[in-house]
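Handing you this structure, nothing more for now.
By letter and in written order, the chains are A, B, C, D and E; residue numbering begins at 1 in each of them.
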Amino acid sequence: MTATLPTTDASPALRKLLDVSNIEVVYGGAILAVADVSLTINAGEIVALLGANGAGKSTVLKAISGLAAADRATVRRGHVHFDGETILGTPANRLTARGIVHVLEGRHVFAHLTVEENLLAAAFLHRPGHGELKRQLDDIYAWFPRLKDKRRTQAGLTSGGEQQMLAIGRALLTRPRLVLLDEPSMGLAPRIVQEIFEIIVRLNQEKGTAFLLAEQNAALSLAHAKRAYVLESGRVALEGSASELAARDDLHRIYLGYRA
Amino acid sequence: MKRLLLAVLLAGTVFSTATVTRAADVSQYIPLPTYRVGAYASSGELWWAGERDYFRYINEVEGGVEGVKLNYEEFETEWSPDRTVEVYERVKAGKDGSPLAFFFTHGTPATYALLEKAAADKIPLIDPAGGKTETVDGTVFPYAFPLLFSYYSQASTGINYIASKVGGFEKLKGLKIATVYHDSAYGRASQPAIDVLAKKYGFENIQIPVADPGNEQSPQWRQVREQKPDWVFLRTWGVSTVVAIKTAQRFGFPADHIIGDVWAGSESDVIPAGKAAIGYSALAPYPGGTDFDIHKRLKAEILDKGKSDLRDQKLFGAVNYNVGLVNAALAVEALRTGYKHFGARPLNGEEGRWAFEHLTIDDARLKQIGFEGLLQPIKITPTDHEGGGAARIQSWDGEKWVLKTDWIKADHDLLNPLIKEGAAAYAKEHGITPRTPDTETN
Amino acid sequence: MSEIDLRIAAPVNGVAGLRAAGLAAATILILAAPLLASEYWINAIIVPFLILSLAGLGLNLLTGYAGQLSLGAGAFMMVGAYATFSLQLRVPDLPLPLALVVSGLIAAAVGVAFGIPSTRIKGFYLIVSTLAAQFFFEWLFLKFPWFYDGNSSATISLPRGLTVFGLNAETPHGRYYLTLGAVALITLLSFNLVRSQTGRNWMAIRDMDTAAAVIGVPVTRAKLQAFAVSSFILGIAGALWAFAYLGSASVQSFGLSRSYQVLFIIIIGGLGTIRGAYLGAAFVSLLPLALDWLFQHLFSGHVDAGLLQNIQKGIFGLLIMWFLVREPEGLARLLGIRLTARRRLFPSSQN
Amino acid sequence: MSMFPETLIGGLLAGTMYSLVAIGFVLIYKASGVFNYAQGSILLFAALTFVSLTDQGVPALVAIAITIALLVLMAIAIEKLLLRPLTNRSPMTLFMATLGLSYLVEAVAQGIMGSQVRALDLGIDDLPVFVGDIMISQFDLIAAGVALALGIGLSLLFNRTRIGIQLRGVADDTRAALSLGIDINRIWQIVWAVAGIVGLVAGLLWGARQGVQFSLSLVVLKALPVLIIGGFTSIAGAIVGGLIVGAGESLAETYLGPFLGGGITPWFAYALALVFLFVRPAGLFGERQIERV
Amino acid sequence: MTTPTPPALEVKNVSLSFKGVKAIADLSFQVEAREICALIGPNGAGKSSLLNILNGVYVPDSGEIIFEGEHFRRMEPLEAARRGIGRGFQNNALFSGMSVVDNVITGLSRHSRLTLVEEMFRLPRARHEERRFRERAHEVLHLFGLDRHAATIVGTLPYGVQKKVELARAIVAEPRMVLLDEPLAGMNAAEKQEIAAVIARLNRELHLTIVLIEHDIGIVLELAHHVVVLDYGRKLADGPPETIRDNPDVIAAYLGTERAEIAA
């Protein structure tokens, strides 16, 4: 089932940041959501995780970030290593402190908190001093100028695009080395999606933050990612470099369902 | 763990009933439904201390009653009538070879709940200064004993005291007397008597209910302020007394014009009210204090020997402790009467009834047992299950209760017809033929 | 119990035979119980246990099956008790069993009235309605002498005692059989009901009320039916509690703590099961007795009595919490696991 | 006679006493989704601990410090032994667990500190104050002040402190909070401890008024309708709800009571809450949940 | 599929918003009787919200729904069911504590004519109805190959099986139209084919009008007679599957702008 493509630009100097091997995830002890998924992310890399709805993308992300437990899902088989250490079973909040942050599907901003309070709630993680805190906030506002304009607005009242930016900005304040980004384009106008993806790429280039993007919008993701994995029914169906995958017809089949 | 739990459950229920009978023992079994837990524990704790200390004194110092030891056992009820009923069912057959001579209900609602069962089982229910007022008529209620001070007597004594304060009964005419009462059967039990009294003396009768638990009473006392009564008769219970006294102060009603009822007159009713309670008086069929002979005996024989059930010895002589002493003494004297008649052996319910119906404690006897001034002279007959109907008045000076009067008697001539009428109605409704006691006194 | 039941479970003959034998043995034991148990056991343990089971059953239909949280079980029991009293007093020609049924219907009507808010209010906010019932009836039955026939003690007791069609049921055995009859009949009817369309509607509402509405379950009607049936049973349980157990009752017999007790019964016994009510009632009525006995024998005289009582109360609280942590679905589930584990031994009974 | 304004003002002030109890509920419900029936018992425990200490001659401030320390320990124990094992369980299970908890806390409080009613003198003499011919209770005035101060204090805590912001985050979206590294368990411990301290304040005020005794735990029954009117999740709601219940009860007992024979306060508040619920099913300040199917 | 009869369903200028955020904006389209109409579009496009409006779970801010010629400003859930609109849900809205067969029988609720007393005493009418309902439920279970799961508590079944139970429950009461929210989600390819075949049969043999939301476009194109594409609460395209497949807007919405450029 799994078709491996030769990764042309794989350089051995790259350090493996995340290593997921053969995980199986089950909800409520019965419903199999992920059957067998392996993937790796190198430091400072953008990797796309593609697949149709229900293919298991979100579950993979949750298994990595430790949030699976909160959904009563358990990883029944396989390992997840971060920085060479096993992280399965570590509570989500500890993983965040160690550098993995999960931006949930549907954004999940704190609706009753202002935009700035949303940012602060995340920034407190590393207990910065007052000056440091302000510097970090300003940094985020520099990345997302729209947020600065709305800093006093209740997050629940901002637009979908602003909420997505807030969710990403907020996540960055935990000073992550790896950001798990679930469906950043969901329900957003194409222009806004474009803007968000551009910021992601710049963040990656300038800060060296690695991203794992779970997306339905394949073309967009492939245009911005370096490598990609395609999930189908809880298994990796395809993997390879973004440019090669973008050129393949299989992808079209998985997405538009043409039968070859 | 689960198995252990089940085992405990099973064992507990089996063994709690299957008690082995030892015929050789001749102690009199006295079950005590108690409430050491829950909302009423503060008064309960002291009651049981008083009762237990006195029983222990009788057993250890006097060698029992006429040589018969008392075997008392507690059952927690949290003052719930149902749980008291359950205790009653558990103990009514007696224990260790001793039948049950009487059953202390320790609460008016429990007395109500057991009234008919106990009559059928022929077990006297003892509820001093409580119970159902009509049961004073022993011809209809042979097995109920609202000893000492019925709810009607309480109302009457209160009014008598007010009359003495204002300078005579004729001065009552035109006065306004408000009754602030706990809105329950207990709280309302005096109403018929007050109605009659108001008619007789011509005072205006204002009734103001306080809903349970009564921890906010501004509307009630605002009403008091509006109506400007001359006196307030306070028939509350538990926390509602404290709140009443404090709220009265806030609304500017003087504490020395409030007369509390029996169950609104203990230390726990006034101490939490602080300065607001200074000058507040209450009816005291059970006066507080340690100035009585029995306290000297108990101090020497029980407390100083470390045998008291009282956790905090500062509370020795508290009103509720003395309630326990008096109730225990009534039981002991009744048993003594019975043993003298039937012989020194545990009595059964019918014998217990006979004993209580022939209980007489006169001044001389009171002196002997050390209860002079603490307990009124009492004479129970088959037609009168109250037997006293008097109280002293005590007033709170901020530190302790000070006795203001000697025994003030209720107006029995006025109340008796009311009681007879109620009892007759009950008899008719339940198809009871009142007995003619003269023929069966044996 | 019925042909349909057999079809679902499709039990192997051996199991069915075993079951029938067990059932027969249980029936004989239950009917003969008065001959085996002491009067004390009947009066103070078995009769209240049966009545509490019935109350638990009533609340379980509402809370466990239809998913509507209620803290007003005591109120509906109270209504049943006072209605029975009134009927026996004012309609003397009505035999007691019929009076019980009519009282149940009155309680059901009251239940429907206080259930109306449930059509608009969900979850915890709903407790306000049932608590309002609780406090309102405590006030009403105490306030107006008509309800207790002007009796100075504000208590009610049956004017002609416990008589069933002219037979005196005032004896322990009479109480036992009266209670047992009522409990058995109502259990059977409830059992039928929860397996009927109405029962399914209730469970559907409990599990997912929006979906239930969308697939055509008449949600409002089903909720009100749940309130009606539950209150009907609670009303009869209340009347039995007052007259077959206590002998006479007042509003305190049905206070808020009674409501909690009934709620405990179904939570500990198991929400949404009929036998849960029995298991829970056994637990709640026997555990305090057992603790009491244990403490009397272990510590009596060594530890201050007040402290002892508090320790017992604390242990009761702890056990409740422990149970919820260990087995949130109650004793019925605990036993169920045991039973299914045993049934698996018969290979063809499950596939 | 200015009966009406006096009744109204008196009721409003008395209502703040209910708000004090309701605030403790709101904190816990908001942050941990638990409908904490044991709040009344915690209030009793706190007040009883304080009074027992001062009765032993411990200075008031030291007694408060010790009481708060105990409340914090209790919060930690509750979170570790009860909340954590019960995560993801139905709200009803959690509610029942707090009923069990209330038994335990009451038993511990009365078992250790005895059941005698104790006086608690906060040094506030409850003498009437007259504004024109309207009589106002000095004590209620102070209690209202305390409730207001507590409301302001808590809103400062929530809006200005780091813990407060994180706590509101947890209340809004537990999962997102977890994903941002917020230690939910610690937040729960803090919330329960703060609710305990709120309980202490309420317990002291109620205790000063009626003595420190078991019936303090019954004030939860007063707080329930307040919560339902104000919504389970809003401190402002708790305060406004308290005012409405206080004023409603007071006016009803005075003007409606005489027609119904009086003593209607226990159910009137619930009836009032029911009326409010019909208009707004999630309380005045609560938010309506959108059902996702 | 062109018929002279009026459309089974018409959605007219419907808008819906949550807390100020627009979920559906001025949406209009028609569903012909006896057709399979597929709603497609990215997550968050407002598809489920639309079904919820048709079922009466949500009340639209404006617009109206015309079902079989009758106009509704809003639909009540029970009214929708009475008029024969069935429904399957996105995240299994089964009654998890009940058995499979009980779940399905519950779908017949609106046909029950019994009183409580009949049910309590199992009077003949009650036995009769119960038997009828049970037979009907078993028929439908058989249709979906669920016979052996009939007595199983539904919460313990695998997801794919649960989806089938849901479908069975939606059609057991013989509705005239069913709304299915991702009936094939979470299934493997073989299961998808199986269910798609059942849906096609339901449409063909029972003449059911079907509105479904589905992401697997391959199946949609095979199954549907009519496709409505939603994006961001608006209608992006509406027409027979062949025209939808090559519509550049649709490709853009699904594959992203760049892909559209690549494809173009």
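Following the convention adopted for this analysis, a residue touches a chain if its C-beta (ideal position, glycine included) is under 8 Å from a C-beta of that chain, and two chains touch if they have at least 3 such contacts.
Since we're looking at a predicted model, the values are computed, not measured.
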item	value
Centroid comparison with subunit C (C-alpha atoms), farthest chain	A
From subunit D, the most remote chain by mean C-alpha position	E
Distance between the centres, which are taken as Cα means, of subunit D and subunit A, whole angstrom	42
Between subunit B and subunit C, centroid-to-centroid distance (C-alpha), Å	35
Approximate Å spacing (C-alpha centroids) for the pair subunit B, subunit E	72
Distance between the centres, which are taken as Cα means, of subunit E and subunit D, whole angstrom	47
Overlap residues in subunit E, where contacts from two or more other chains coincide	57, 89, 93
Two or more partner chains touched - positions in subunit B	36-37, 41, 45, 183, 211, 311
Sequence positions of subunit A contacting 2 or more other chains	none
Partner subunit D, residues of subunit A touching it in the complex	65, 67, 70, 72, 91-97, 101-104, 108-113, 117-118, 120-122, 124-125, 170-171, 174
Touching residues on subunit A, where the partner in the complex is subunit E	28, 30-33, 52-54, 106, 156-157, 159-160, 183, 185-190, 193-194, 216-221, 223, 233, 246, 253, 255-259
For the subunit C and subunit D complex, residues of the former touching the latter	69, 117, 120-125, 127-129, 131-132, 135-136, 138-139, 143-144, 208, 210-211, 214, 256, 260, 263-264, 267, 271, 306-307, 310-314, 316-321, 324-325, 328
Partner subunit A, residues of subunit E touching it in the complex	19-21, 42-45, 155-159, 182, 185-186, 188-189, 215-221, 232, 245, 251-252, 254-260, 262
Subunit C residues touching subunit B - in the complex, by the definition given at the top	38-41, 43-45, 48, 139, 142-143, 152-155, 157, 159, 170, 245-250, 252-253, 257, 283, 286-287, 289-294, 297, 304-306, 309-310, 312-313, 319, 334
